[in-house]
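Below is one structure. I have some questions about it.
Order of writing sets the chain letters: A, B, C and D. Residues in each chain are counted from 1.
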Amino acid sequence: MPGNVLGERFVVVSFGESHGRCVGVVIDGCPAGLPLSEEDVQPLLDLRRPGQSAIATPRREEDRVEILSGVFRGHTTGAPIAMVVWNRDVDSRSYERLLNVPRPGHADYFARVRYGGFNDYRGGGRFSGRITAGFVMAGAVALKLLRVTLGIEVMAYVKQVGEVVAPELTVDEIREKRYSNEVRCPDEETAARMVELIKQVRASGDSIGSLVECIAVNVPVGLGEPVFSSLDADIARALFAIPAVKGVEFGRGFRAVGSRGSENNDPLTLVDGKVLPRTNNAGGIVGGLSTGREILVRVAFKPPASISKPQRTLNLSTMREEEVVVTGRHDPVIGPRAVPVVESMVGIVLADHAIRAGLIPPVLDPTRFRG
Amino acid sequence: MPGNVLGERFVVVSFGESHGRCVGVVIDGCPAGLPLSEEDVQPLLDLRRPGQSAIATPRREEDRVEILSGVFRGHTTGAPIAMVVWNRDVDSRSYERLLNVPRPGHADYFARVRYGGFNDYRGGGRFSGRITAGFVMAGAVALKLLRVTLGIEVMAYVKQVGEVVAPELTVDEIREKRYSNEVRCPDEETAARMVELIKQVRASGDSIGSLVECIAVNVPVGLGEPVFSSLDADIARALFAIPAVKGVEFGRGFRAVGSRGSENNDPLTLVDGKVLPRTNNAGGIVGGLSTGREILVRVAFKPPASISKPQRTLNLSTMREEEVVVTGRHDPVIGPRAVPVVESMVGIVLADHAIRAGLIPPVLDPTRFRG
Amino acid sequence: MPGNVLGERFVVVSFGESHGRCVGVVIDGCPAGLPLSEEDVQPLLDLRRPGQSAIATPRREEDRVEILSGVFRGHTTGAPIAMVVWNRDVDSRSYERLLNVPRPGHADYFARVRYGGFNDYRGGGRFSGRITAGFVMAGAVALKLLRVTLGIEVMAYVKQVGEVVAPELTVDEIREKRYSNEVRCPDEETAARMVELIKQVRASGDSIGSLVECIAVNVPVGLGEPVFSSLDADIARALFAIPAVKGVEFGRGFRAVGSRGSENNDPLTLVDGKVLPRTNNAGGIVGGLSTGREILVRVAFKPPASISKPQRTLNLSTMREEEVVVTGRHDPVIGPRAVPVVESMVGIVLADHAIRAGLIPPVLDPTRFRG
Amino acid sequence: MPGNVLGERFVVVSFGESHGRCVGVVIDGCPAGLPLSEEDVQPLLDLRRPGQSAIATPRREEDRVEILSGVFRGHTTGAPIAMVVWNRDVDSRSYERLLNVPRPGHADYFARVRYGGFNDYRGGGRFSGRITAGFVMAGAVALKLLRVTLGIEVMAYVKQVGEVVAPELTVDEIREKRYSNEVRCPDEETAARMVELIKQVRASGDSIGSLVECIAVNVPVGLGEPVFSSLDADIARALFAIPAVKGVEFGRGFRAVGSRGSENNDPLTLVDGKVLPRTNNAGGIVGGLSTGREILVRVAFKPPASISKPQRTLNLSTMREEEVVVTGRHDPVIGPRAVPVVESMVGIVLADHAIRAGLIPPVLDPTRFRG
C-alpha cells in the first residue's frame, strides 16, 4: 500500500489538505451494527479543533464532521465509512511568500524534492497538523467500537511541557480530568504551571516541546501479531504518523536502559482471580502481545517548528541564506491539541488488532454491548 | 497481512522457531541482478551468532546460511529469496519444566493465551531472540543492495549499557570500530567499562539494559511515504519487532520535550553545493521524509528477562506463587548482539522505501554499481 | 486489506451507496505531476451515466464529479485523490417493500446474512451497478496516466448481446466507433440488430446477457508480477468486481480447450524490428507477463437480474414462496453501460503494474509526455 | 505486496524454482490447533507428482514434503508454516541450448525482458508448472482446515479434453471417482476416450487443451468481501496463478451471455429448512458473496506449449527465424495433473475468506471438529 493507508482489518485511508477543500478519511473494515452518527464523532473532533484557547492557534474552523457513507439508519453497515470536514478559514497568503524560503523545521523543502514541486504547500498541505482531523474522525469510531464491544478505554494527557512534569496520576484522575483544562493535564496545579510556561514561550516568539502519555485499560491478553505486527510495533508506527512526534516508548521505555532485570521484570500474580503482571514496567506489552495490564505509551513531541522569532534559512532562488519570520497562525506547543489524536491512533490500532484476533466479529450484536 | 510479513516492495517473511528445525526468511521483491551468495550474508550473521564471547550466551550455533532460491549464477533473479539456518545445539530440557511456571518478563503466558497453548514454547519459540537470525539474513541482502546502488551505509553500535554511556563519536569511528570489541562500542575505553559492568551484573545473577544507536548515511532526500508509512514510522515499527525493544527515538527524541523551537529547528544551508539542514536535531527525518542528513535513531533495550537470580512467579497449575530460577543459556545484555539486527531492520526499511520511491529499479545494472 | 481496496501502488478505495449521499473513490499512489481536472474525468463518467438511452435505465443522475483532494494548480500532487458524485434522483420506495422478498438473482438475501441485516439495501446499496461510478472516476485518472506516459490505450466494446455477435474488428474501428452508438458496438449493422433485440427483450419484461471485449495496445513487454499477481490474475480480479460478471478469458480463452499446441502457440517473430508474437492466441499475456501484443480480454455479463416479469421467490417473513414483480428502474442489458467500466478496471490494473515495474515514476515530467 | 504473496489472513508465500534446490511455500496466518503432519500434505502432493502415468511427463520427483516450521507436537502453532520439496531429478541440459531460441508459447523471452536476463530459465524457472507443488502443499493445509472446521469439501475433475466432454455428474460421483483414473475424469467411459485422445495427440508430437471443473460444497452463505475482494474475484485471481490458465467462469459463465434473465435468475426457496437458491446458474456466488449453494467454477487450460513437433521461432542472437524442436520431458495435457492444484487454489481462497469472515477463529478447538 502507499503511505495513506493504515491497518489490516480496520483500515484507515487519509485524504485532504490543510488549505484544500477538506480533510477526510475512509474506514474500510468497520464491523456492521455499530450505532453511529455525527454526534459520536463530533465531540472528539471538537477537542482537537483549533481556535479554542489562548495557548492554541487562532485559526477558526468549525470542523463539523459529515458522514458520507457506510451508515444507515443509525448503524454502520459493514461498508466503507467516508467522513469529511470542510475547510473554511483558509488563509494561504503567507505561504506563497515562503515557497522559496523553506521554513526551518518544516518539511517544505523535503516534500518539494519528493513530489517534484507539485505538492500543495499551502499551510503545509499534507504535512499540516490539520490532517489529523481525519485521524480523529476515524479514531472516534474505533474508540466507540472498542468501548461497546470490549470495554476498552483509551486515555491520553499531557505529562510534560518543557521542564514542567506532572506527578503520577491514577487512572480515575486521568479519565475524569484530562480534558478539564486547556493544556490537557489532569493535575490542575501542574496544568497552571504549564500554561504559564507556554504563554511565556509564546510571548518570546518561541515554541516548546511536550510529552503525551496514553493508557489503554481493559485490553484483553494476547493482542498483537508478532513478529512484525507486534502491538507495540503497530502502535509506534501509528503514533509516528502524527506530525512532530520524535520518540515513542512503552512502560519504563528508555529508563529500562539503566535497569537490572531483577527490578525490571514484572512477575505474574493473581489479581481478583485473573493472572496478571504485578508491576507494569513493560507498559502492558511483552513479546509484542498485550499482557492484560494497561497499555502505557509515551510520545515525545518536538516544539512546533513555526515560531515568530527570526530564523536563518536558505533562499532556494538566490541560494543564499537569509532571515525568515514565519507568520501565519500557529500553536506554541503540540501536546495539548495532540491528546485526542494520540487517543485516536492508539484506538485505531487496538480496533484493528481486536478484529484480527477475532475478539470483535464482522457483525455486532448490539444487545450484548457493554455499559 | 498477518504479523510475519514486513514491507511493501522489499518484503520480508519470517519463519522458524528457536528449538525447531530452523530459522528462516523469504524476501520477495528483491530486484534482479544483485550479486549474491552465502558469503554476502554469513559475515553479518556471524556478528549476531551466539557463543562468541564471555558476555553472551554459551549456546553454540554454527548458523551457516543456506540460500534455497532466488539466486542463479551468482545474482538475484527477481524471484523470492528463501534462506535458512538450521538449528543444531538445541537443549529443550529446561523449558518443559517451565511450562506451568511462566518466567517473569517473558511472553510465555501471554503467548499461551494467544495461541491456546499450541505454541512451541521451547526456548521461547517465536519469541526468542534467535528469530532475529532471519532478520539478519534479510538485512544482509538489503544492506548490500543499498550499498551498491545508492552508497547508503547503515551503522549501529552500543551507545549505553546501564549507566555507562559512550561519548560523541564521528561517523568514521563508528564505521571502523563498531565491531572491534565484544560489546560493540567503538570507544575502547567505554567498551572496557561496559564489559566490566556486564560481567559484574552476570556474576550477580542479573542482567542489564542497553541502548543502541544507529546511523544511516548517504540516504537521499525524500524517502518515506507520509502520512502512515513515514520513514520514521516504518523504521520504528521494524525496530519494535526486535525482542526487548521498549523505546525508539529519532534525533533529539525525548530530549526535544525540554527544547525550544528556536534551538530545535534545523535551518537549511548549503553544504558542498547541496541543500542540507545545518544541524541534525531531527535525526535526518522531517515530516516523515528523509532530509539528506544522516538518519539517527536510538533504540532502548530492556535488560534480558532471563536471570539466574531467584524470582517470584505464579505456578499456573497450583495457581500459587512460587520461586523460579531460570536456567538455560542466556545473554546478560542485549545491545551488543542486537547491533547487526538493528542495522538489518533499518536496512530492510530503507531498501523497501528506496524501491517504493523508484530509486532502485526492478532490474539492476551491475556496471553502474558504486564503490 | 478489507474488500474495498484494490491494487498495490496505484490503489483505489471505493465508498458510497446507490441511495446514500454519494458514490466516491480515493486513489492513493497516483504519481505527482499529472495534469488533472474534473474535465478529464467527466467524459468517461458521462459514458457510464444512466438515463441516456432507450436501452438503459431511466434513472437520471447528473453525475458531476467533484475532486476533493490531491490536485493543486491543475496537477496531481502525489497526495490521495478523493472524488465523489452526489446522488440526486434517489427513489427508494420500491425497495422497502422488497426487504422480505429477496429479488431472484440479486445479492439481497446473501448480503443480509453477511452484514446481519445492517446493510443499506436501498437500490442494492453497495451491490448496485451505481458503485461503478467510482471505478470510472479512478479509471479515468489511470487511463490518462497510461496514455501520457506510455501511450497505452484501453478500448472496450460490446462484442455480443444474446445471440447477436459482432464480426472481427480492427483496432482503428474499435478506437473510433465504440462509443458511436447507444449499444457500444463499433459495427453499425450489428449494433442495430443488438438494439432491436434489446428492445424486444425489454418489451417482454425480460433482460439479456452480453459480452464485452477489451483490448489494450502499446502495453510494454513484461508487465505483471507472477505468480500470484500475474497480469491476467490481477485483471481478472478487477473485472470480477463489476456486478454481473460471470466469466473472464484472455485470447482464445475457453476455445483453447479444443486446440492443439501446434495451433495455439504464438511463435516469436520480428515486427518492425521488435520481437513480438506473430499471432496472439495468448491475448497478450504469457506466464502472467505482457508479451508486447495487445492485451485481449473478454468479459461475460449475465442478464440483469431485475426484470419486470413476475418471478417466484421466498418471502422471508412468511417463509413461503410467492410471486414478485421487480419494479424500479433498470437496464435490460449490462454490456453497453459496462464498456467504460471495463476500460476503467483494465486501466487501473495496468497503471498499478506499470508503476510496480518502475515504468511510471513517482514524479512525472510533463515535458516528456506522449501525444 | 510483490507477486509471490497471496491472501489477507491465510497468506501463502511461494518460493523455489523448477531446477533450483527446492520448491517451497510459507503459510502465515494458519490458525493454531490444527492437527498437521507431513502425512496430511503428502497425498495431495502425490496426486500432483510427475512421472506417474503414460499421459504425463516422465520426470521423476519423489516430492516428499518437509515441514520446516509452524508445527509442534502434531498441531499448528499459529506461527508461519514453511514447507519444501527438494528437487532431485533435474536435467537442465536441454535448456541451455534454448537460451537464445525462445520456445513458442512459453514465457522465456518475456521473463528475460522483465528480469533483465537474470532469471533462472532452467526448466522454465518460476514459470514452470513445478512451482504449483508449493500451491498444493499450502492447499492441503487449507483444505484440511476447511474440512474439520466447516465441513467444506473442494473437488475438481477434468470435464473436457479437446473435444471430449464428460456428461453431468453428481457430487457423489465427483467425490468418489475423480482420482480413480489417470485422466481424473470421474466418468470412466469418457475418461477412456480422453486417454485415447491424449495418447494420439502425444504420438503426433502435439499437445491438447483441457477444462477442469471444480465444486466446493458446504460453503456457508456470505463469504466474500465485495467489491474488490469478492469471492469470485479472489478465486479467479488465484486460479490464474496456475500456469496455462486462459479462462475462468462461474456457474453458467459465458453461456449466460446468450441467456434471458427469466431463465438465468436463481429463485430462492426452502431446502430442508434452509433458504437456498433453487437452481445454481450463478455457480454459488452472487454479488461476490457465496449463496450457500455449491461454488461451481470452470477453468480453461491451453494445450501445453512444449511440443515435440518442429516449430518456428526467432533466434535472438541471429535475429532470424529458425526451427526449434522442444525436447525435455513434458505433459501432453495439463488438466489431469492440475486437478489437485485447482482444488488447492480454491481451498486457499476459501480458507482466507472463512478466516476474514470470522468463521474460523485464530485458535481452533479440536474437540469441536467435524467428521
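Note that contacts are C-beta pairs under 8 Å (C-beta built on N, C-alpha and C of every residue); 3 or more make two chains touch, one makes a residue touch a chain.
Computed from a predicted structure; not experimentally measured.
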{"item": "Which of A-C and B-C has more C-beta contact pairs", "value": "A-C"}
{"item": "Farthest-lying chain, centroid of Cα atoms versus that of subunit A", "value": "D"}
{"item": "Rounded Å distance between subunit B and subunit C, as computed from the means of their C-alpha atoms", "value": "46"}
{"item": "For subunit A paired with subunit B, centre-to-centre distance based on mean C-alpha positions, whole Å", "value": "27"}
{"item": "Interchain centroid distance [CA atoms averaged], subunit A/subunit C, Å", "value": "38"}
{"item": "Residues of subunit D engaged with two or more neighbouring chains", "value": "1-5, 8-9, 14, 114, 126, 357, 362"}
{"item": "Partner subunit C, residues of subunit B touching it in the complex", "value": "8-9, 356-358, 361-362"}
{"item": "Subunit D residues touching subunit B - in the complex, by the definition given at the top", "value": "1-5, 8-9, 11, 13-17, 20-22, 24, 26, 28-29, 32-33, 68-70, 72, 75-82, 84, 114-116, 118-120, 125-126, 362-364"}
{"item": "List of subunit A residues in touch with subunit B within their complex", "value": "1-6, 8, 12, 14, 102, 104-107, 109-111, 113-114, 126-127, 131, 160-163, 201, 205-211, 221-222, 224-230, 232-234, 236-238, 240-241, 243, 245-254, 256-262, 264-270, 275, 281-283, 286-292, 300-307, 309, 311-314, 316, 319, 321, 356-357"}
